[in-house]
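This is the structure, below, for whatever I ask next.
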Amino acid sequence: MRKLRMGMVGGGSGAFIGAVHRKAALMDGEISFTAGALSSTKEKALTSGRELGLPDDRNYASWEEMLEAEGNLPADERVDFVSVVTPNHFHFPVAHAFAEAGFNVVCDKPLVLDSGQAEKLVETVGRTGVIFCVTYNYTGYPIIKQARHMISNGEIGDIRKVIVEYNQGWLATRLEESGNKQAGWRTDPEKSGIAGAVGDIGSHAENLVSTVTGLEMEAICADLTTFVPGRRLDDDANLLIHYRGGARGVMVSSQISTGEENGLTLRVYGTQGGLRWRQEDPNHLVHTPIGEPERVLRRGNDYLCEEAQRATRLPSGHPEAFIEAFANVYLGFAAAVRSRFDGHTRDDLPADFPTVHDGARGVHFVEKTVQSAQGDRKWLEVGDAIPEEQRPAI
Amino acid sequence: MRKLRMGMVGGGSGAFIGAVHRKAALMDGEISFTAGALSSTKEKALTSGRELGLPDDRNYASWEEMLEAEGNLPADERVDFVSVVTPNHFHFPVAHAFAEAGFNVVCDKPLVLDSGQAEKLVETVGRTGVIFCVTYNYTGYPIIKQARHMISNGEIGDIRKVIVEYNQGWLATRLEESGNKQAGWRTDPEKSGIAGAVGDIGSHAENLVSTVTGLEMEAICADLTTFVPGRRLDDDANLLIHYRGGARGVMVSSQISTGEENGLTLRVYGTQGGLRWRQEDPNHLVHTPIGEPERVLRRGNDYLCEEAQRATRLPSGHPEAFIEAFANVYLGFAAAVRSRFDGHTRDDLPADFPTVHDGARGVHFVEKTVQSAQGDRKWLEVGDAIPEEQRPAI
Amino acid sequence: MRKLRMGMVGGGSGAFIGAVHRKAALMDGEISFTAGALSSTKEKALTSGRELGLPDDRNYASWEEMLEAEGNLPADERVDFVSVVTPNHFHFPVAHAFAEAGFNVVCDKPLVLDSGQAEKLVETVGRTGVIFCVTYNYTGYPIIKQARHMISNGEIGDIRKVIVEYNQGWLATRLEESGNKQAGWRTDPEKSGIAGAVGDIGSHAENLVSTVTGLEMEAICADLTTFVPGRRLDDDANLLIHYRGGARGVMVSSQISTGEENGLTLRVYGTQGGLRWRQEDPNHLVHTPIGEPERVLRRGNDYLCEEAQRATRLPSGHPEAFIEAFANVYLGFAAAVRSRFDGHTRDDLPADFPTVHDGARGVHFVEKTVQSAQGDRKWLEVGDAIPEEQRPAI
Amino acid sequence: MRKLRMGMVGGGSGAFIGAVHRKAALMDGEISFTAGALSSTKEKALTSGRELGLPDDRNYASWEEMLEAEGNLPADERVDFVSVVTPNHFHFPVAHAFAEAGFNVVCDKPLVLDSGQAEKLVETVGRTGVIFCVTYNYTGYPIIKQARHMISNGEIGDIRKVIVEYNQGWLATRLEESGNKQAGWRTDPEKSGIAGAVGDIGSHAENLVSTVTGLEMEAICADLTTFVPGRRLDDDANLLIHYRGGARGVMVSSQISTGEENGLTLRVYGTQGGLRWRQEDPNHLVHTPIGEPERVLRRGNDYLCEEAQRATRLPSGHPEAFIEAFANVYLGFAAAVRSRFDGHTRDDLPADFPTVHDGARGVHFVEKTVQSAQGDRKWLEVGDAIPEEQRPAI
């Protein structure tokens, strides 16, 4: 099995998420780091590439240069896909240009800044047929695949209620004023878009619920607050949710919940039982079948479903964590890319990764949340991000 | 110290909460079970009293009979207070009649069925000067007193956010049809009032937040659902809350959350740190001071505040639980009654127990929640249950 | 059902365990506190009795006086049993005298100071036919009854290994020098006997294993240490154990394990699964069936065995704890006493409480442990505390 | 910074630990996988190398071939170190030969099969001056570095007691008969050496205690058992330990503890506080300072020591786990190798990784344990694995 060639846009020295993408992509020996335009600053791009061992002729000063040069290479040399790990406001121009030129794309979340961009990107992906992955990384945990399997298998019956939370406390003070780069762009509407907590982390929560349960939002009522004086985006978001079919939901996401670190949790209650999961203890899933003792399912055991077992690298009790889950997203994407190279059509590809439609739905969700929280702050119909007939197969 | 004489209304054979009240009241040897009218059915009342060892002349066939007979006894023989542990719809007539006659009263929650009754009761208590306690029992946990102390002491700074949950799963099926008595009256609007989950357990959540944080609700947006077909009251309630002064809140209460047993939890996030507590692990309080390691405070240690230490019977590591917390509510009430007997005025009594005003506020909260969830389901101003100047000192 | 009349020896003002015994005995309304000789100091005895509401004619200045006076009362007035809650060195004279006089006895643990006393007591109990209970209170937890049931039912197969721990840290400093009464007598060989940690808490661990698993010790190898300078008894004890039939064991008990409060834990591993339990979280039992997800059994659920359900006062999720477990020991004893009054023979009594034989085995265990830890510190055969044919039926 | 070139011996297709070594070594982009002799079967070696992308001229059919060919390459082409990930019985010949030839070595644990081999290897390493690392991977966890720092810093005072456990249940049945390769060689004395549980996992426990506390064993008393009929090595090991200076220890390691997965846990009790850690929840360390609330330290926070922070890749709340800890061992080794290339002497190298002396001490420990458990099963003096004056600087 030859390694897929990855080109990266963004993720130069000091960037947090770029380094995570590289570790994740390279973990299983299926992907090589072949090319890059690692910063929007030319000099920094080149220095970063050299430090990371890129050959000079694939170490580009800008993404536009990379796009052109890689496009001119023969197919068996050019990068097989591009990873876009820039700040949010660059996602659209970069991802769109590469997709338009026929490159497969991995793009960090949120997909783009607004639903106009999302629709264009979906259209382009649909038309060009490239494989497009949005790194909602938390769906890569094996035990999340188990939860999805159990629900689709009816093991907790019909879902009545979903509580999803994503609580952080790191922005409880005005960290963006202290020179913290991560805090800086995440609280800047020019770089992050119209939402703060709900955009940065609430969108992960939305995707997690959608992936695990398959539920679609019908209506929401949102309460957004900016607690830290001087901050320009919300840092706390609480939502009531009605799902199609009658299930009810609560979503909490916050950046000012002092003492919380990366508290993504999911609880799903069905007519026959419940499931609960905490990202900070990611190898375990609690299943509460009605009338029976609670069960703790642990990653790495034979009693788990095939998808969960396939996404596992270590025996049970040898914990896997964030990077490994992230790597699973890359593996899922890589499988689809290889399958396409092998001649399968888009309707016939493995699709165990978050797609451009997941990304578009996330952008739509953030917009509707902000809209609901403004004005007379009423319940708001959510509607479709992309009409069903226009959604790409992957 | 002489024992206080308790008369009980309700709580005959087979009643769950009546037995709990007796164990709690008698635990510390400060109260004796002296008289009772233990059922609304004459025969059952008398049989129950005999089984429980009441002397025949204090074992009454009805609460009206008890009211008259005890009132005719000399002061040093008659009961010092009456515990009302009937189903909800009897709370008002019984509690009001005894208060009107000058008896001190302990009443189970919810106080009464509507705010009209609540206002009358508050007026009566204020006028007669009796001591009135509503058994919001969860506030009796020592570690809850510690949480209240830390917050009032500024140890977590200004409160920004409160998440309170009370999740149960026992009514996930139509248990009321199977002859379960508890399920029966709790889902019957004639006996329980206008609300289901939010009345039965949401009111505990409301009281817990109020007791621990001192926050007052400004506006709420509620989503009530009845999931189980045929049920006449809500069995799931989710609220967004604005507190006066700017704090935000989320309240979840549910009776259909399969796998949950008695999942009352509280999380409070302030500018300087956070606190969290779970009723099912009641001896521990987690404190997360900003920038420092999380701390786990355990009941029974010298580092706790005086109120928490005073409410403790056993050394640390020897767990206390539900009944002991309930007993603390009785101890707090008994201290006020004794203090009054010693000649202290109402403004000068110890008040470490939930008062008639707590009860009235709970009834008001339930009414506003139901109102918010009906019609156009908008945010609703909460207002005051009882105007501040009309609230009794205790 | 008439209340059983309890007389108490020891447990005057300020005593910790006496107050626990009273709360436990009285919790369920089956027992009345009728008489007492509450201190070895005459004045303190009488004052304590008055404070606790004993009538003057049953408030005795000494246990000898109580023994004589109660013995002279008609059977339907005299106490039905005596609770001995003195420091350890008084257990034998008091318990033996009352048993000899035909009184049923509840005695705190350890039963007596040495195996000579134990043998005499067993002989007396066997001869007089009194009901005798030793308050190894931790066996009163409902979920411990469930563990015992599952093991005897073969649900974890044949037991291979048992790890029991009882870790405390309260004696990590020389607390006995600071006037702490509990620390004082527990570290004094005249009052506590030949062992410190292993006597005070290791004996609970021994009893827990015996009760839950039914295993009998064949040989032990003990390591006892006194860490705190100047202390006269061990404050740390670690044992390797061979059980009859081939199971292996580890027992750890310590009073100097800083940060531990009352860390009694039990883990049992069988050929088909395992069980684990923590006293500080007493309502839960973890069952790990081989090849299946871990299960968490919670007190108060219908899936538990009958003995566990019968020992439960509150619905699941409403935690019960130390005092309630202690009260279950009294209930078990009271059931046997009533059954005897009803004419059942000793071979035909309910026996869900720790008996004089449990007590004698505990004393024997402590002696063997100390012997093993002395001299050349080798493995030591344990032998029988009381030969099987001489053990009382109860 | 140029990448270090790694050659690997063992770890062909299907091998568990070889794949872990590769992921760990390559995770941070500091090491390249340059050469290999991946199996003792020539064909399998070559096929595995091709599958893993080794160039043909560095894909060797045997380790002897690799040794010769790499030795003949110029210094700036040959591998900078060799990773030995074969079954245990090959460790000595391979590691010794490469060290003798001047190659730096990473070797899986246990180092070798007996102390004769260990002494030879230590002598060779001391003489040739190569850098030698034994992958006791659990010491790579950042929070373990924090524990070591706190202890050496006196934060828990003088250590009195250590409880270390390594409980697994995967060999509770005779898995080695079912064709499970891992079970096969681990229960085969020809491949694993003289010990089963204590060799495979007890040695990790020994190393963890030594690394974190610095304590040295003075005497031990071991109880080894083979529970599964037909098995040739122990599958359960329990030890009492005396450490030099007076601390006491208990060590439990087991492969038949049903329900346990990879339960390595450490508890250390000092005069001023305690520490506890669980490998299955590796990002947290509990600190129990005497007289204060328990503290939970979490990886990724600024309050941790520098070594812990340096070993961290992700922000707090984004869990790291087994592979990342393993990668830290490689990073520590790589730092020493680079430092040596930069001209530092052996006495002047960073040494944050387990050395050949750790490995030799582990072998010595296993031998003494087996010796203690045989014959008259008495306490046994442990003595030194390697006299202090003969230990290599690294």
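A, B, C and D label the chains in the order they appear, each numbered from 1.
Simple rule for what comes next: a residue touches a chain if its C-beta (ideal position, glycine included) is under 8 Å from a C-beta of that chain, and two chains touch if they have at least 3 such contacts.
Since the structure is predicted, the reported quantities are computational estimates derived from the model, not experimental observations.
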Smallest count of steps, each to a touching chain, taking chain A to chain C: 1
Those chains which touch chain B and also touch chain A: C, D
Taking each chain's C-alpha mean as its centre, the one farthest from chain B: D
Centre-to-centre distance between chain D and chain B (centres being mean Cα positions), rounded to whole Å: 56
Inter-chain centre distance, chain B versus chain C - centres from mean C-alpha coordinates, in Å: 36
Between chain C and chain D, centroid-to-centroid distance (C-alpha), Å: 44
Interface hub residues of chain D, defined as touching at least two other chains: 260, 294, 298
Contacting residues of chain D [partner chain A, same complex]: 1, 3, 16, 19-20, 22-23, 26-29, 51-53, 168, 170, 260-263, 279-283, 298, 300, 313-324
Residues of chain C defined as touching chain D within the complex: 156, 160-161, 163, 169, 172-173, 221, 223, 225, 227, 236, 238, 240, 242, 248, 250, 252, 254, 256-260, 267, 269-274, 276, 286, 288-290, 294, 376-379
Residues of chain B that touch chain D when the two form their complex: 287, 291-298, 301-303
